[in-house]
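Across the two complexes that follow, chain A remains constant while its partner is chain B and subsequently chain C.
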Partner chain A sequence: MKTAQAGTLESMDCVVSLTEGAAGSGLAVTVGGASAARFGKAMEKRITETLQKLGARDLTVSVQDNGALDIVLEARVEAAWRRMTGGDGA
Partner chain B sequence: MARNSVGRDLPEQIPGYGPVRPFSGHKARIPEGNRAGGKLKATFNDRTDKTVKDIKEAIKASGLRSGMTVSFHHHLRNGDYVVNQVIDACAEMGIRDLTLFPTALFGVHKALIPHIKSGVISRIMGSVNGPIGQLASEGGMESPVVLRSHGGRPRAVVAGDVKIDVAFIASPSADRYGNLSGRIGRSACGSMGYAVTDAEYADCVIAVTDNLVPFPLTPVSINQTKVDFVVAVDSIGDPAGIVSGTTQVTRDPMRLLIAHHAAALIESSPYFKDGISFQTGAGGISLAVAAFVREVMKARGIKGSFGLGGITSFFVDMLKEGLFEHLMDVQSFDLVAVKSIAENPNHVEISADWYANPWNSGAVVNMLDTVVLGATEVDRNFNANVNTEADGALLHGIGGHQDTASGAKLTIITTPLLRGRIPCVVDDVYTVTTPGEVVDAIVTEFGVAINPLRQDLIDAAKDAGDVPLVTIDELAERAHKMSGPMEPVATKDRIIGVVEWRDGTVIDVVRQLDK
Partner chain C sequence: MKLRRTMLYLPGNNPNMLLRGWLFGSDGLILDLEDAVSIHEKDSARILVSRILREGEFGSCEVTVRINGVDTEYWEKDLEAVVPFGIDGIRVPKVEGPETVKAVDEALTRIEKEAGLTVGRTKICCLLETAQGIWNAYDVAKASPRVDAICPGGEDLTADLRTQRSDEGTELEGPRRQVVLAARAAGIDAFDTVFPRINDDEGLIRETTFIKQLGFDGKSVIHPRQVPIIHSVFMPTEKEIDRARRIVAAAKEAAERGLGAVSVDGRMVDAPVVKRAQFTLTRAGFFEEVQ
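Entry: the complex of A and B
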């Protein structure tokens, strides 16, 4: 089972952890940490959209947040995905 | 339902609190009648030693029973052993249903949680920092927590809103006849200002000390005429948790920029001249503001009159340098401040009543020129929240926020525009602690918003030319653009916290989290 991680727990950053899921299992996203209470749904949506754009299908995604803005969240999700799939510059 | 003057809808009655008097302006409520008072007592020359064997014996002698109100002060902060020791003793003696009336509770007081669950404590009126605040927020208290400012609390005692049955006073030093001091002893905390009104108005006063000295102890924080019993214990607290070593100015460049803007605003104001009086919190930004102001005072040869509040080593240095004539100290934050109050006659101990009570013949906050405060969030109406966090949990007390904001001629709130992703300038704060009518400026790294009520300050800042002025709406919009829209806090209807304005009216309530 492939896994990958990107990010840190510095302020305004987050740690994104991806685990490959069984074919057809879809995207399962959980968000915890600093902003989850007030931005959890917005973050889940942004994570899902970013992964869909990258062509990801079956993944468990866990985000430990420490106040990341959307632009940081997207970058960390993309970095984790590229590490897992062995893409360029990973 | 009634709507108060900051737009909060309040019920007429809150279970466990009583009738609600809605807030209607910062100087609107004027009291009538006379002060309350404790029991009369006679003491003659057949009683010359007030010491008793232990806390249990003191409790027994005090007549403390189930259902009564017990008070504590928080000068021992997160090092305090006394609250836990006293409540443990009450529990063992079968006393239940107590109203706890501390000035504040800290993380160390999480040991009280089992006593809350078992019914030894049924109500808390006081600041609940940390774990007990979280418990209350999740619905773990029978009655709502009542939050009062440093001035609002003695007001409530003097006015008879709260009747203290037994005051337990942690005393770093005491003699056998009940003279108390915070200046010396292994658990020295400096000022004991929060305990003074409790000692005057409680029916019974018990001092708990770990440094019993020969009579007469002098100078005193609280004198023998107020104290009924003295208990010597092994230790009243952990010195490491009572005072910090030295208080540090922030090195974070963003926070230094905020402090720099705040200092520029102060320098532009009509109050920056000889005789200026000043209060800041002990937080990193506040101290940095003081550091910038200190340099300009030196450069321009300006001498201040007094520094007020919780006193840090930073203010002690300014006293030594002659930048202040006096320090008025209700709470000594660090070792340097504790040493200074013990040795320097110009470093004066004041009570919370003297510091901040609106219902006496004049508190020191009324003489204050400038105060620099923080907040968890502020809004487009300049209202400030210091009580609840972004997730809606009640985790902080009011402190002197309301009192100094109401009293000072120039009230500045410094805050980053965002903390993490959480915006700190919003459309409408989740909890109103301090109303916008007494907040003069919001200072962020993206600029300074001056309250439109203070055109004089806006003009002065424009004349100075180095204050980056923005509007509060610009700040709120910028924060919103960076963070995105926030989801509302999910709550139940039940009220778990009542935030009183310093005059006893209700400025806001906090509801139970839905989780």
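Entry: the complex of A and C
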């Protein structure tokens, strides 16, 4: 089972963890941390949209947030996805 | 003439600094993909910096990115991730000769064309961090019209010179003079390296006063708290401002009367001196008087 992670727990950042899911399982997103209670739903939507644009299908996504703005959240999701798929290594 | 007194480094994998860095009042920003980013985070930092360049806020700061060196596997990917967003320039580390500049120039041209940008708009600041780089400073400065500044290294250069950094900076005095000389001969700017001791204000004032006297246009900055200190050193004195005002006024009057020559305090003043006086007023913040 493939996994990948990107980001940090520093202020205004987040850690995005991806785990490959079974074929047809879809995207299962959970958000925890600083903004989860107020903005969790909006963040889940943004994460899902970002992954769909990248062509991701079956993944379990866990995000630990420490005040990341949308652009940071998207960047960390993209970094984790590329690490998982090997699309753009360092 | 734009002010380039302070160019503040922002670590490329730190969202907090990347997003808030422009609020610290520096003249320019350097989003750093090189030394501030660990080898395992190069990919993640590149994506983050790219995203923030596309959607972030930078106020009136000059925006540049320090890419990884051309001796690494990262530098072209770095350029591809940041140049399409129309940044002002890139900083290239460890430049030792004109061939490095030419390779970067070619890559920039390709990326600018693909992105539909004006070819040549992305400037290059070369970091001269080895003895060889310092020796070749003029050739580097003239290697491409994109090169608009050169900057000596600090730690790397000191190591290459087989010495250590001292409080007085004796070991960097020669390279600094060489960089200013090469920059002026090539008609570009000279930036100084960073002052690493972030809590030593007196040391920073001393070093900035020294490099200003050598002729540097500004300094690279490692910590936001150094920005106002450097600006205060670069602020012209009352006497300098007064003289600059008289030169600019005399030049204006001569132009209105159709005279070529300008006389101030009984001495003839030529065009470069007028330009310098305008720059002094710009540095002092009197932008409207230069119009």
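The criterion applied here is as follows: the second predicted complex is superposed on the first by the 88 of 90 C-alpha atoms of A that agree within 3 Å, B and C clash if a C-alpha of one lies under 4 Å from a C-alpha of the other, contacts with A are read in each partner's own complex, and residues count from 1 in each chain.
To be clear about the criterion, a contact is a pair of C-beta atoms (placed from the backbone, for glycine too) under 8 Å apart; a residue touches a chain by one contact, two chains touch by 3 or more.
Just so it is clear, the model here is predicted, and its values are computed rather than measured.
**Student:** Taking chain A as the common reference, can chain B and chain C both be placed on it without clashing, or not? Answer clash or fit.
**Tutor:** In the superposition, chain B and chain C stay clear of each other.
**Student:** Taking CA centres, what is the chain B/chain A/chain C angle in steps of 10 degrees?
**Tutor:** Spelled out: centre of chain A as vertex, angle of 80 degrees.
**Student:** Applying the touch criterion given at the start, work out whether A:Q52 contacts chain B, chain C, both or neither, answering first, second, both or neither.
**Tutor:** The answer is neither, since A:Q52 touches no partner chain.
**Student:** Once chain A of both complexes is superposed, is A:G40 in touch with chain B (first), chain C (second), both, or neither?
**Tutor:** So A:G40 only meets chain B here.
**Student:** With the two complexes superposed on chain A, say which partner A:A68 touches: chain B (first), chain C (second), both, or neither.
**Tutor:** Touch partners of A:A68: chain B and chain C.
**Student:** May I ask you to name which of chain B and chain C touches more residues of chain A?
**Tutor:** C
**Student:** In the superposed arrangement, which partner chain does A:S25 touch: chain B (first), chain C (second), both, or neither?
**Tutor:** In the superposition, A:S25 contacts neither chain B nor chain C.
**Student:** Give one of first, second, both or neither to describe whether A:T8 is in contact with chain B, with chain C, with both, or with none.
**Tutor:** After superposing on A, A:T8 lies in contact with chain C but is clear of chain B.
**Student:** Minimum CA distance, chain B versus chain C, superposed model, integer angstrom?
**Tutor:** 6
**Student:** Need the overlap of the two footprints on chain A, from chain B and from chain C, as residue ranges.
**Tutor:** Residues 11-12, 68-69, which sit in both footprints.
**Student:** With touch defined as at the start, can you tell me which chain A residues reach chain C in the complex?
**Tutor:** 6-8, 10-13, 68-69, 71-72, 74-76, 78-79, 82-83, 88-90
**Student:** Name, in rising order, each residue of chain B that touches chain A in their complex.
**Tutor:** So the residues of chain B in touch with chain A come to 390-392, 418-422, 482-487, 489.
**Student:** Under the definition above, what is the set of chain C residues touching chain A in their complex?
**Tutor:** Residue list for chain C touching chain A: 13-16, 19, 39-44, 47-48, 50-52, 54-56, 74, 77.
**Student:** What residues of chain A sit close enough to touch chain B in their complex?
**Tutor:** For chain A paired with chain B, touching residues are 11-12, 34-35, 37-42, 65-70.
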